[in-house]
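The letters A, B, C and D name the chains in turn, as written, and every chain counts its residues from 1.
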Amino acid sequence: MAGNTFGRVFAVTSFGESHGPAIGCVVDGCPPGLALSIEDIQKDLDRRKPGTSRHVTQRQESDTVEILSGVFEGKTTGTPIGLLIWNEDARSRDYGNLIDTFRPGHADYTYWQKYGIRDHRGGGRASARETAVRVAAGAIARKWLREKHGVVIHGYLSQLGSHELPFRDWESVGQNQFFSADPDVVPKLELFMDELRKAGDSVGARITTVAEQVPVGWGTPVYAKLDSDLAAAMMSINAVKAVEIGSGFASVVQRGSQHGDELTPEGFMTNHAGGILGGISTGQDVVVTIGIKPTSSIRIPRRSIDKQGKPVMVETNGRHDPCVGIRATPIAEAMMALVLMDHALLHRAQNADVMTNTPKIAGSVKRSSD
Amino acid sequence: MAGNTFGRVFAVTSFGESHGPAIGCVVDGCPPGLALSIEDIQKDLDRRKPGTSRHVTQRQESDTVEILSGVFEGKTTGTPIGLLIWNEDARSRDYGNLIDTFRPGHADYTYWQKYGIRDHRGGGRASARETAVRVAAGAIARKWLREKHGVVIHGYLSQLGSHELPFRDWESVGQNQFFSADPDVVPKLELFMDELRKAGDSVGARITTVAEQVPVGWGTPVYAKLDSDLAAAMMSINAVKAVEIGSGFASVVQRGSQHGDELTPEGFMTNHAGGILGGISTGQDVVVTIGIKPTSSIRIPRRSIDKQGKPVMVETNGRHDPCVGIRATPIAEAMMALVLMDHALLHRAQNADVMTNTPKIAGSVKRSSD
Amino acid sequence: MAGNTFGRVFAVTSFGESHGPAIGCVVDGCPPGLALSIEDIQKDLDRRKPGTSRHVTQRQESDTVEILSGVFEGKTTGTPIGLLIWNEDARSRDYGNLIDTFRPGHADYTYWQKYGIRDHRGGGRASARETAVRVAAGAIARKWLREKHGVVIHGYLSQLGSHELPFRDWESVGQNQFFSADPDVVPKLELFMDELRKAGDSVGARITTVAEQVPVGWGTPVYAKLDSDLAAAMMSINAVKAVEIGSGFASVVQRGSQHGDELTPEGFMTNHAGGILGGISTGQDVVVTIGIKPTSSIRIPRRSIDKQGKPVMVETNGRHDPCVGIRATPIAEAMMALVLMDHALLHRAQNADVMTNTPKIAGSVKRSSD
Amino acid sequence: MAGNTFGRVFAVTSFGESHGPAIGCVVDGCPPGLALSIEDIQKDLDRRKPGTSRHVTQRQESDTVEILSGVFEGKTTGTPIGLLIWNEDARSRDYGNLIDTFRPGHADYTYWQKYGIRDHRGGGRASARETAVRVAAGAIARKWLREKHGVVIHGYLSQLGSHELPFRDWESVGQNQFFSADPDVVPKLELFMDELRKAGDSVGARITTVAEQVPVGWGTPVYAKLDSDLAAAMMSINAVKAVEIGSGFASVVQRGSQHGDELTPEGFMTNHAGGILGGISTGQDVVVTIGIKPTSSIRIPRRSIDKQGKPVMVETNGRHDPCVGIRATPIAEAMMALVLMDHALLHRAQNADVMTNTPKIAGSVKRSSD
């Protein structure tokens, strides 16, 4: 399968560079009859949009999405949904000095060596701008998941640099620019970011994403594990360097007698598994955490080479997020939605006739106690 | 794509349960003309084999592989390579008590709810036994990678429970039962495992896998990123709960001025990226670390439910690894080989004609300094 | 997707050469809970088996299939079904003279130029022997289709050389060696084949395959059309050079007022469409006809070249079918079953929730009047 | 794989309905460095465009294509190429009477039963309008094939209704509205079509497509046969009911001694194989013929049912091609280009290192003598 399509039966194919005329995608395999409006998609796009605070890139993009196909009289028809977002604020002049050099930590060098040609303006296809179409496609998936199965997907910023940000409640997340689940830490984060921006540097982040009400049984046992597809989905987001399911790396120091989530008629007693066992959802919350590296485009001068292999110093003065993680929550949610939707459809393809008399238990644990 | 095939153009399709007659796989897309003998595959299988020390499962399996097709007069022909391993020591009686109950932390419950039928003997398809075919298929990939591109893939146990195990040298790895890169820690690990076994409990582990001499340019920018496919590959291994590329979660607290690997004519100065930028290999070592949960099959009694949803206590007395991580190193190496091989072929499919005058730099850093 | 896997969610991956140790396949995506025995598969294999009359190859193969996985206590488990058939009568000596030459009309030359290595014995992977695994896999699909949806798949020999063989009834097909739907023509065919064999020549054939009771709605509108997948399936059978759906090439001379099947409350009035409109099944019989070329391995000497490009004369004295079409009916039926099953699952993946109040009409036409 | 993507490594994903705002596609996997302008694509689109003569639909569409991504400074970058064509002349009023009824021979009924929702205007996704994006994508493939391998792809109308149209020369094809390879038959065809249009009826056609200079070795032996993929490609075109490779159905009555193309140092002596043996290109012309049914939208009243299953009479007064085959030649050429390109890339993925000393022979036969 070619590299710009994601998903097996619910598949998203994306295109577009940050400084070309437009970005967009084709969402294939959506069930017919889903009520879908521009607004359903736009509201998620607006959560990811640049330029909404001083802590993110100042590029001005309305990120207005157009639905080109697949929806008729307000409902999906089952045919592919074409989505389009025009690029509005693509100031190529910011990148003139990058034609012949490679930014450390960026894809410049690898692109150039792979393709021998490179749209140097804003990273081309490597730009985080591509993630807008993931959010748009994900909005369709999460709407179907919610309406059909009651699945609700949330995410929040669980760490910013060395600041660990504990979960308090989901309501807070939408009420601050950091996607923090605790409003009280926001002033501290603002101060931290202001200093970082002043220093011309950047920092990493951690995002936790949770899907509630996922039914037991989604996923398959070996290569198309639900967690395997989630790991691929998350690692495909720009700047992500690590993925955990449930307890993740903390499992390494746990004993089996501690890690294995006990089952009771009232539900699972813990959720170290992160809602997935043997590649298949358990009925508990699906919990995925990602680690995001610091933005590579920074103002501090760094050593690099040019196209001739000669040493140069590089500093990047374009409009960049000092922490790409801040805007990454809606993207991680969207990728989770795409994976869950694909597996919801795959599950019923093979197993629509399965019934057991065993009660379906869910989690008895609440988010805060994970 | 169906769930038991891994890879895009170099594809492995596996079958087999731990307690059925056999396991095996079909390796499709292998270039013709590769010298390939049983021995090339068997030596990797022997590294993963159960029963080789008291610290792993006592199940006795010779894991003797047969090549059923795709090789003629000692060379691959380009047609699919059928590999078969008969199961020899499948003592189903060990599992009689699991017919109606679900082991905590195991796939029993999710399988049952998904499929409504379950081969309860030894976990069926969820058994780590399936990973033998990955090792067999991976052996073919790593032979081609080494002969064609000089790529060498190593792995080692970098943590066992709370014991962090620093890297010393690759030679040591093959000389102890723990895949430890430091022989001096082995006595300590043996003592630890003996106590754990006595307690009837299990523990997690961390494995680090490194591919050296990977050329710059493998991988693609968006969904088929090299790191995305590696994350899927690793997370598809039984019991893996976390995957990191390069600095992984440590990137979260790094500054951009620290994380972004500087380029010089002599090579990259650091390798926080783990050999991948923008989804494409840089020419440095590709470094992947995984976190493995403690085995769920333990002797300590735990709460669960039966098929009627009634509460029961479960203890597992079969022959299990107290730490599945100990035998996981060859599996992680194999999965890395499969991903790299697939991308090697995909790269030349699209980009065989690309040439640049820019020198290809590699890493100047050595493993120990990561 | 690699080239030895067929299907999207119900996928068959095959391996094996005609003169290697074994052939086999992995059937992935089968719904769990289907009762499946060796006998269910063997009876279809026996219909394709060589050596059953003097009109087909005299190679003696029992084609005994083994189920290696995916079935537990007589039922499919939803995990991949491994199928294995050992080769028994592989007389390589018949092929010694073909090491360095290429048979006209055969894949010898193209294989050699593509792969640079070739198992010259019996055509290797190009042998019709590979089709045994299609029949085995197809047997699983048709059992599920019949039990779940009442779909019945039949085929018959509709032309042998210049002998057009009209349809009389399905019962006759199983009662003669030619898969003729008219028992009265059999003596004529036997005489024809005896003369052909004496002349050391071969001839082509036409097979018609019909699936009854296919529900309306299987298939998709654009690239994954039901007829598109059927065409691929049929053309992938050895020696097939042509595929028609419904009226096929006869449509070329029809008027729209004649071709377009009228709908009435009692059903469609004709079935020129062959049961498919816009890539989607109509509820009428799905009718596919294939044209098979004459076997290329004949005793009559023909011009060719050797590996050095020098002219040579080639005659083939191995044990070959003088008309591969005679044994092709079960293969065409199997491929039809695989496509229908895949689309049955794909359909419910996307459209399980669709309901209309429009009555589902079927065909009012009987086979004989097509 | 979802149903609106075509191809394995060179993949086209299409979207759009005939009466929505736009149609378009994403072309993924194109090698970088190919010079590509709007004009390269537009000239093929113009050959397919409606409204160019009185013998085709009078819908007025300029079919102006926009390149949204994947091209930088006139060259492909290796990233996905987004193509967009706005719909201009979508007169929905023509279709008001079709909201509740199903046209015989059309996809109306199957769509409705499959999806439960239907964009009744102009056939929605079933419209031949979708083929414009195939032509656009195919233009990229044929440019690369020609520049990299010298492959030239031609097609012509080889039959219109009962008029068989023999091949004379390729130059004529571009000089008449019928894609006839013989200019002398054009007056006869015009007369025929005028009468047909007057009668409000439609007719079928046959198109022959030829790819010259295809190297030996493209394709694979079993399921991903070159001819299998070509059959799928051609059958996926609207209204196609039959596909032949080389001699096709004529092979049925041939003897092996006649059909099997002899090899000589000067080349193959005949081309009954149509340039493909064992699923792999031979180096001769690849020849594919398709049969196209008569347009289902005709003015002559016909019996049908409405959504309640009640009998109705239907006549279609929109702007339709009385023979869709007339504009189908560029579409068939495009689909052939897509398949060949995909296989060119797949071939070098697996077999880039293969070399033989055997001379590569080509065809000694000319088109006219097939």
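The criterion applied here is as follows: a residue touches a chain if its C-beta (ideal position, glycine included) is under 8 Å from a C-beta of that chain, and two chains touch if they have at least 3 such contacts.
What you see is a predicted model; the values in this text were computed from it and never measured.
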Next item on the list: Work out which of A-D, C-D or B-D repeats the contact pattern of A-B, with more than half of the residue-numbered contact pairs in common.
Entry: C-D
Notebook entry, point to check: Taking contacts as defined above, which has more of them, A-C or C-D?
Noted result: C-D
Checklist line | Between chain B and chain C, centroid-to-centroid distance (C-alpha), Å | finding: 39
Notebook entry, point to check: How far is the middle of chain A from the middle of chain C, if each middle is the mean of its Cα atoms, in Å?
Noted result: 45
Next item on the list: Quick one: report the Å distance separating chain C from chain D, using the average Cα coordinate of each chain.
Entry: 25
Check: What parts of chain C, by residue number, touch at least two of the other chains?
Finding: 1-5, 8-9, 14, 29, 32-33, 78-79, 114-116, 125, 221, 346, 351, 354
Checklist line | chain B-facing residues of chain D, complex | finding: 1, 8-9, 29-33, 78-79, 148, 221, 345-346, 348-354
Notebook entry, point to check: Which of the residues in chain B come into contact with chain C in the complex?
Noted result: 1-5, 7-11, 13-17, 20-26, 28-29, 32-33, 66, 68-70, 72, 75-82, 84, 114-119, 124-125
Next item on the list: Can you check the complex and tell me which residues of chain A touch chain B?
Entry: 1-6, 8, 14, 102-107, 109-116, 125-126, 130, 159, 161-162, 201-206, 216-217, 219-225, 227-236, 238, 241-249, 251-265, 269, 272-274, 276-283, 291-298, 300, 302-305, 307-311, 346-347, 351, 354-361
